[in-house]
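Each of the two complexes below includes subunit A, the first together with subunit B, the second together with subunit C.
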Partner chain A sequence: MSEIIPEVSKDGLLDLGKKLFDERRVDYFLGYKKGTVRFKTTPLIAGKGEDLQELWVEDFCHANLSLYLKEIKGRVGILAKGCDSRSLVSLIKEGQIKREDLYIVGIPCAGQVDPGKAAKAASCEPEEMEEISRRGQEFVIRANGQEKILSKTQVLLDKCLCCQYPRPVIFDSLLKGDYVAPVLPAARAQDDLRKKSVSEKWAFWSGQFERCIRCYACRNTCPACFCPRCIVEENMPQWVSPLPAGGDNFVFHLMRLMHVSGTCISCGECQRVCPMEIPLMKLNEKMTDDLRELFDFVAGVDLEKVLPFRTYRQEDPQDFIR
Partner chain B sequence: MEAKPETEKKEKNWEPKILAFLCRWCSYAGADLTGSSRISYPANVRILRVPCSGRVNPLFILKTLRSGMDGILVSGCHPGDCHYTAGNYNARRKFAILSRLLEYVGIDSRRVQFSWVSASEGDKFAKVVSAVVADVKALGPNELFQLPDFGQMTKGPASPDP
Partner chain C sequence: MYRKITGEKLKKWLIGLSAQAEILVPAKMNGLWTFRLFHNQELPRNFLNSRIPPKNLFFEPLKALLGWKAADGSFQVNSCPAPEAARVIFGLKPCDARALRLLQPVFTGDYPDVFYAGNLSRTLLLGQACRVQCQGSFCSEVGIDRQDSLDFDAFFREIPGGYLVRVITEKGNTLTGEKEFFEESSAGEWNSAKEEIRGKNENPLFNLEKVKAGARERFPDEDFWMRVSAKCINCGICTYLCPTCHCFDLCDLQRPGQGVRLRCFDSCAFPDFTKMAVHNPREEKWRRYRQRVSHKFNFFYENFQTVACVGCGRCVAHCPVNLDLREVLLEMAR
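For the complex of A and B:
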């Protein structure tokens, strides 16, 4: 982290990006641009200052850009929301990227809008929505010439509702704005499933895993999944059958979860991209809660703290062992 | 051939199949001692020798469950006794997370069990195995997954008559 924190205004962002290119501090700049579909953004990968013209920061910056660092070689300037910055910390700790290769620009985030969810709450089709805007603590959706007022919980991505780090944990510059979590910790929704019986849990999850079509979108979009060759594609020996059947889907999802534990920062990308709308974040949340409870570990917050599965304590809990 | 596992499981005198991952230095030797001390224990357990409990990848456990084994036992050296100094400490962390996750997705924690058995604890090994077998018997057969009927899948839709 640099000692001086230059605060940048939204207009200043473009100049900052150009300056980084001019001073040859970065080879690429990762940001967002307007998507071809309304209320969506696409990642912008700029290779020179002029490419930055399309740069756009609004309420729809869903993607976790740290994913693209796998592919990009060289020094990179990157926009990071609070959650994305934790991904960066995780990847630095895993040795996937180097801190000195990054120029991180923190962007304010008060929760990202989930257009699908908003449309459902406003009982209209996503294509019918004309405008989604903030009004104080609420959202106004204009669709079919009518205005509807919705609450944050109805509009924002699920992961944003349990956000704990709205302010980036590492950055070189910070964009001006409010860095506040959309929902206060006390008001956060609890996962009711955890209180249910084992058979009820299985009834829920077997139904969810049954629906999985094994498109691997969750894996491909996950910044924490960085193996060059994934074990699901291994066929000598074949650990997981590629058939999208309940049993192998169970192995795949739990294995994926074990692989990202300690690196997963609950950025929610897996659930967002899931075409079958499987609530994968429930699993991730459970795992991160367990890591915090058992090993006092929170992923992507502290650059110094050793990853949970790379260390141990003699007094680690072992009440489950005979 | 297709329906055989089903009928087998529905039989009254069904016996659970348990896969035991035993660490080469402690639990495997402990199981050996159980035998040489002529202590009897249920024959439901199939033993798989691993170099260390730290060698047991969570994937092994998931794959075993998926392949229809009724119960799993992972056993290693007591904390502090690991031949590789810290293998069982590392394993303990993985298993703590895994067993909680399995519980969360609805797999009874009695199906996947862990224990520390040293090379001198032949009697403890017999006790652990008996307890695991009793637990799994109470749970019933592992019917979590319907194994796909590969015969039917390869057949595909009936081809139209030429």
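For the complex of A and C:
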């Protein structure tokens, strides 16, 4: 039997949203609207149909809107790119939200632009870029009055270059469009860091975490970080000090990494929002690979398979726990 | 008083100064602009502003205040000394220099902070005029002239081949008085070198007087604060990247027989910022967002007769969810 996919056109999206409110199927609708700075959109949190007027689905829909489900309770309509839908699966599995409370509208994603990366490839400062536009399979960057043609691999977020789920894993309807990965799923180039010695890795991450200012944007933007109270904020006893210094920064980031393993779907929001541009995804990707290789687990792709942290198997690779 | 200097001579002058003082200049580090120790390199010409404000060089994000030792029944507390070594920072922007001045009454008023005061008095502030409007900025709306400033010891404006210099303080006058490097210039030459700011807002975004009045009127309007703060994710980017935010936390690191008391930044965006034993007056997000805006445009103005925002735009440009302070101010001004 062929699958019937409820499709909705871009014009129809607004009507669908309004209908969901009218029929009282949702209390909120999470989408995007045009941003106030270049190359950004901003989350649109609608509490009624009229709030949806500025709904916008184009490039620069970076945010993984499922982050707001930590805070917004009730029945929620939500726009989800392929990757974002995996966060929803994770959150359902973790018991944070109920599938029946969600109305998921999948949106096609041709890859999200990384303005910082594009600027670097165009040899200019991000502030000097006036426009980033798609032209066929390429991008045109206009900076300081000059145009430069760049390839997708030079412009898109790294996570989009290894996108394996361009189509949402779960949805209630899909926005019309092509659900294909932005580039051919070529074997992902392994992170150079993997081949380095432990001492080289230590030196690399010491340098990176040295810069961390402990703003917690990585944690707060992460849909998988849903603890009502984070251990770094506990002060009786104080497990981790708030001091933005090497040791405690290390503990914070590595602990967070361990804690979100199995729930993290590599949406890359932690790295995108980091004001110090720490390449946090190198850690998440290592964790993702380890989970796949050691536990045969991929986060957020099915609702059934048990989370690695929630299970125990006799044949688990290490014997420290036996 | 006005002077001028060629690019080549400026570099030589700074190299000469580095024998007597630590020199910091704009440089890129891990892809981000920051102020780094000068290694006789060429000075950048396309520097807009640093990601982390230079406030951190005066009010450090992590600072040891005192140490204690207990040995053989005695107990000894040692204050950390105020910094004294001479220092020069070149390339500071008018917004950030104004921010340093705004913080002066906070750190040198009723509760003098020897570290902030020491850092200010040991540093020669050399400013540089802006040529481009930074992303998200609204400096002119809060009364900052991007091409002129009196908040420095000397202020540099780029001209072809070099810089014009406006000498502001006696310290600036002495140091730029070396005939070997600087030539005399005039107010006429200074004024005629004023240039258009690229990418500037055509019209002012808002009227600051109306914002100040709006900040007072809007304070009790809970619906307003709930609405504007709805998408805030409670991270500390806006406060930690702000050149005027100055809230801090104290933290003791203790080992047997000794310890150190440290000061680190804290942020009013964090839910635990005001948490006390039995009560948290700012449990809800909207109260915390209201606090940040009100502190800058209402309370600080009440206390120090100036708003605590210099319009640098860092909080606008780097907010993970594009919660734009300019939009909130615009609404307050209506």
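Convention: the second predicted complex is superposed on the first by the 312 of 322 C-alpha atoms of A that agree within 3 Å, B and C clash if a C-alpha of one lies under 4 Å from a C-alpha of the other, contacts with A are read in each partner's own complex, and residues count from 1 in each chain.
To be clear about the criterion, a residue touches a chain if its C-beta (ideal position, glycine included) is under 8 Å from a C-beta of that chain, and two chains touch if they have at least 3 such contacts.
Source: prediction; values computed, not measured.
Contacts of A:E277 after superposition on the shared chain: subunit C is touched, whereas subunit B is not. After overlaying the two complexes on the shared chain, residue contacts for A:L243 are found with subunit B and with subunit C alike.
Residue contacts after overlaying the shared chain place A:Y312 against subunit B, while subunit C stays out of touching range. Once chain A of one complex is fitted onto chain A of the other, the partner contacts of A:A63 are limited to subunit C, with no touch recorded for subunit B.
Of the two partner chains, subunit B is the only one that A:F295 touches; subunit C does not reach it. Of the two partner chains placed around the shared chain by superposition, subunit C is the only one that A:C215 touches, whereas subunit B remains out of contact. In the superposition on chain A, A:E138 makes contact with neither subunit B nor subunit C. Subunit A uses residues 243, 245 to touch subunit B in one structure and subunit C in the other.
Residues of subunit C that touch subunit A in their complex: 30-32, 46, 48, 51-52, 61-62, 132, 134-136, 230-231, 233-237, 239-241, 249, 251, 253, 262, 264-267, 270-272, 316-318, 320-324, 326-327.
For subunit A in complex with subunit C, the residues that touch the partner chain are 35-38, 40-43, 45, 63, 67-68, 116, 120, 125-128, 211, 213-217, 219-221, 233, 241-245, 269, 272-273, 275-277. Taken in their complex, subunit B has these residues touching subunit A: 58-59, 62-63, 65-66, 79-80, 86, 89-90, 92-109, 113-116, 128, 131, 144-148, 153. Chain contact summary for the complex, subunit A toward subunit B: residues 193-194, 198-206, 231, 239-240, 243, 245-248, 250-251, 254-255, 257-258, 261, 283, 286-287, 290-291, 294-295, 308-309, 312-314, 316-318, 320-322.
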